[in-house]
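What follows is a set of structures for review.
Next, two complexes with chain A in common: one pairs it with chain B, the other with chain C.
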Partner chain A sequence: MTEITIQLLGFIAATVLIVVGMGGMLFLDNLIKKVIAFTLLSDGVNLLLVALAYIEGGIVPILLPGMSISEFTSRAALVFPAGIVLTNIVIGVSTTAILVALVIMLYRRYGTLKASVILKGERR
Partner chain B sequence: MIELSSSFIITAYIMLIAITIGAIAALLQKDLLRAAFISGAESIALAFFFQALLAPDLGLTQAIVGTVLLPGIIILGVFKTRRTEED
Partner chain C sequence: MMESISNLWSIPLLVIIPMLTAIIVNFLYDKAIKPISICSAIIILIISIISPYGYHWFTGHPAFNPDTLLFTFNPNIFGYRLSLEFIFGPLQHIMIVISSLILLFCVTLSTIGLTKRQGPYMALLYLLFMSSVIVIMVNDLYHLWIVVEIGSLIVVGVAAASGTSISHKAALKYAFFSAISGAGLAVSLALILGLTGFANISDAIIYLRQFGIGDMATVLYIAFGFFVLSWMYAGGLAPIHPLKSEVYGASYPHATVLLQVQSKLMLVAIGIIMLRLFSMLPFVKEVMIFLSVITMMIGVIMALIQVDFRWIIAYLIISHSGLVTLGIGLGTQEGLVGGIFQAVNDIIYMTILLLCCEALFYFGGKTSTKEAYGIAKKSPFITTAVILGAIAAAGIPPFNGFQSEIILIQACLKEGLPEIAVLILMVSVTTFIALLRGIYRIFLKPPELQDQDDSNVDLPKVLIIGIIIFIILSIIIGIYPDIVLRFIIPVVKEVLLI
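And now, the complex of A and B:
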């Protein structure tokens, strides 16, 4: 029986987000719902990376006055996944904007948001 | 040195439940506008989870981006197309 830590709860939440997001992207028919499921999947990947960077009993990686460098490096949470996730959050917004623009163009051409109808290729 | 990480586990439990309920409820809505708002609520629960995982800068960014920008873009798309999910 392992002890339940914040890191374990983060892994569980990331698993839930990734499974729900991937299931929504695969099995839902509405295109806007697919975009929302894509944002959920992206949140899940971000949460997985941040949970990997967590250190039990650690501190926020800010060097306060009066703290030695060796104590800081042994206790601070990792900063490299935080940099990746900060980039990924900002890029996710522009990716979602492009997806919504493509959905609007598909709606103007086909007159529906259902992926099963659009895949048949009958134009309005 | 203040030990913050031991008290954050209650936050982590509550936000785990909120993320699970919000992610499933956002995909089950028939009204797409309501689905966009619920995804924003799930995103702010994720921001609190980032705070509990010792990354407060990511929590701030996620709170702004996931609560204002992402639902705003999706709402623009919903207003340009149609609001309810057709059968």
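And now, the complex of A and C:
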């Protein structure tokens, strides 16, 4: 039987967040709820990356005085996923800001947050 | 390639100059914006023309030859690069030179046409160009993901900038889907990173080839699925084409020129990466060809039923994106050459059509095909240009569209896919019909109301010069395709080797 590790739990939680986020974005009608669903999706991706880089008993990837190279390479956590998470947080904030700005503009124009009402009538 | 491990000077400049220009013009008002924007566009064009070929590493080094213990650029030698990497090779050269030329005309046109909020809008145009440049140069998954994400947000801004409710709705829909697609690409990056340990695309491919995927095939399938989603989204492929076509139709025509450039470059860049990364999976090419075929068909059918010239062009851009991806999806030398060549040609003739569409704004801004405006009488030049653009788009010799489409048809026949070759011909014919319908109503047919203003309109000189230059380019490439093919063929050979 598969051992339940922190990493596995991380993967499961990330999957749940991604699925809930995607579902919310696709199926919820309220635009603000869609934005909230996006933040869940973004957090899910971050958690996936964090879980990916997790090492049982790992250390921060800084070579401290007195530490051997072999000990460092065997225990140091991956740096790259941390960089990606940081970038994803920044992109997530930017995307949320743009989404909220567009939602505000459309709310002022239509007086509702319902996507079904705003998008009704469509183009011309 | 230049056998040097020094970072190439031009690569950071091609990224930083548009970025800096975007920051500066964002804070400027009125008259200061125009000279700075135009100078910046000229500098970018010059850099892209004179730049030698080479690499830029953010970390790491070029591939290391285990036999000679020397750095190497030979794609046949397996050696880990261990770096985030930008490449400026022949493909990037031709693509960026054409994009820079387009940027110059779009920027100049936008300074003439816009009066309010010019600074932020100009900044968006420069960032849009920057995202196009990065995506075609990138050779690592990290930058690919960032540029797709940022590029999408910029597209949202450009679409929303035209200020209509249609554009706001189009931008909102695009923004929501960009969030899903961007997150998908991040998951894909995470999975490939977890599978191989490398963010550099060449490293990841070498790892997958050397060690195989074994029990982890499912992970690669999921990564491929998310990649396909991003590809469809970035390029506006069916079945999510309405998102992109709405953005094209809702933006200003000169902005649509840059938007379609970005789409084409993303389609080529992501398509080639997919072909390289996932070619060991059994059905990759079939998925790519299937998506291309339905995009070609849906795009051209939708173009036929549109009643607005801008929307006709918007759907034709989508349809012709299918031609680009078809070539890449075939995965053969002829297919890849045809697909990339089609992207270059598509950018050129769609620019002609969109610039003609921009000219309509100077004749009152009406683009509906329900009425006749008699533009031919007011401006025979624009009418001639739009007809030539339509001929180029339909793939009629001696224009450039013919050369790439004939290569694609030959590639399909060689692969034993005559039905798709017939489909390409049908797309060409239908493109001409769709465009001719719009051209007849707007340009050729005399206006129904006799009291319409017949006075001559002075079109901006830059618009006229731009249209002339791109028509000349279209004819020259149509007669001498080797001008472009000599940039594409070496890259395709390299892609197929790895």
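Everything below uses one rule, namely that the second predicted complex is superposed on the first by the 120 of 124 C-alpha atoms of A that agree within 3 Å, B and C clash if a C-alpha of one lies under 4 Å from a C-alpha of the other, contacts with A are read in each partner's own complex, and residues count from 1 in each chain.
Everything that follows uses one rule, which is that contacts are C-beta pairs under 8 Å (C-beta built on N, C-alpha and C of every residue); 3 or more make two chains touch, one makes a residue touch a chain.
Keep in mind that what you see is a predicted model, and the values were worked out from it rather than measured.
When the two complexes are superposed, the chain touching more residues of chain A, out of chain B and chain C, is B. Look at A:113: by the touch rule set out above, it reaches chain B but stays clear of chain C.
In the superposed model, A:95 makes contact with chain C only, not with chain B. Of the two partner chains placed by superposition, only chain B is touched by A:24; chain C is not. By the touch criterion defined above, A:48 reaches chain C but does not reach chain B. Once chain A of one complex is fitted onto chain A of the other, the partner contacts of A:38 are limited to chain C, with no touch recorded for chain B.
In the superposition on chain A, contact is made by A:103 with both chain B and chain C.
In the superposed model, A:80 lies in contact with chain C only, and not with chain B. Judged by the document's definition of touching, chain A residues 21, 103 lie at the interface with chain B and also at the interface with chain C.
Chain B makes touch with chain A in their complex at residues 1, 3-5, 8-9, 12-13, 15-16, 19-20, 23-24, 26-27, 32, 35-36, 39, 42-43, 46, 49-50, 52-58, 61-62, 65-66, 69-70, 73-74, 76-78, 80-82, 85-86. Those residues of chain A whose C-beta lies close enough to touch chain C in the complex are 18, 21-22, 25-26, 31, 34, 38, 41-42, 44-45, 48-49, 52, 80-81, 83-84, 87-88, 91, 94-95, 98-99, 102-103, 105-106, 109, 118-119, 122-124.
Chain A contributes residues 4-7, 9-10, 12-13, 16-17, 20-21, 24, 28, 30, 32-33, 35-37, 39-40, 43, 46-47, 50-51, 53-61, 77, 82, 85-86, 89-90, 92-93, 96-97, 100, 103-104, 107, 112-114 to its touches with chain B in the complex. Interface residues of chain C, counted against chain A in their complex, comprise 142, 145-146, 149-150, 153, 156-157, 160, 165-166, 168-169, 171-173, 175-176, 178-180, 182-183, 186-187, 189-190, 193-194, 199, 246, 249, 307-308, 311.
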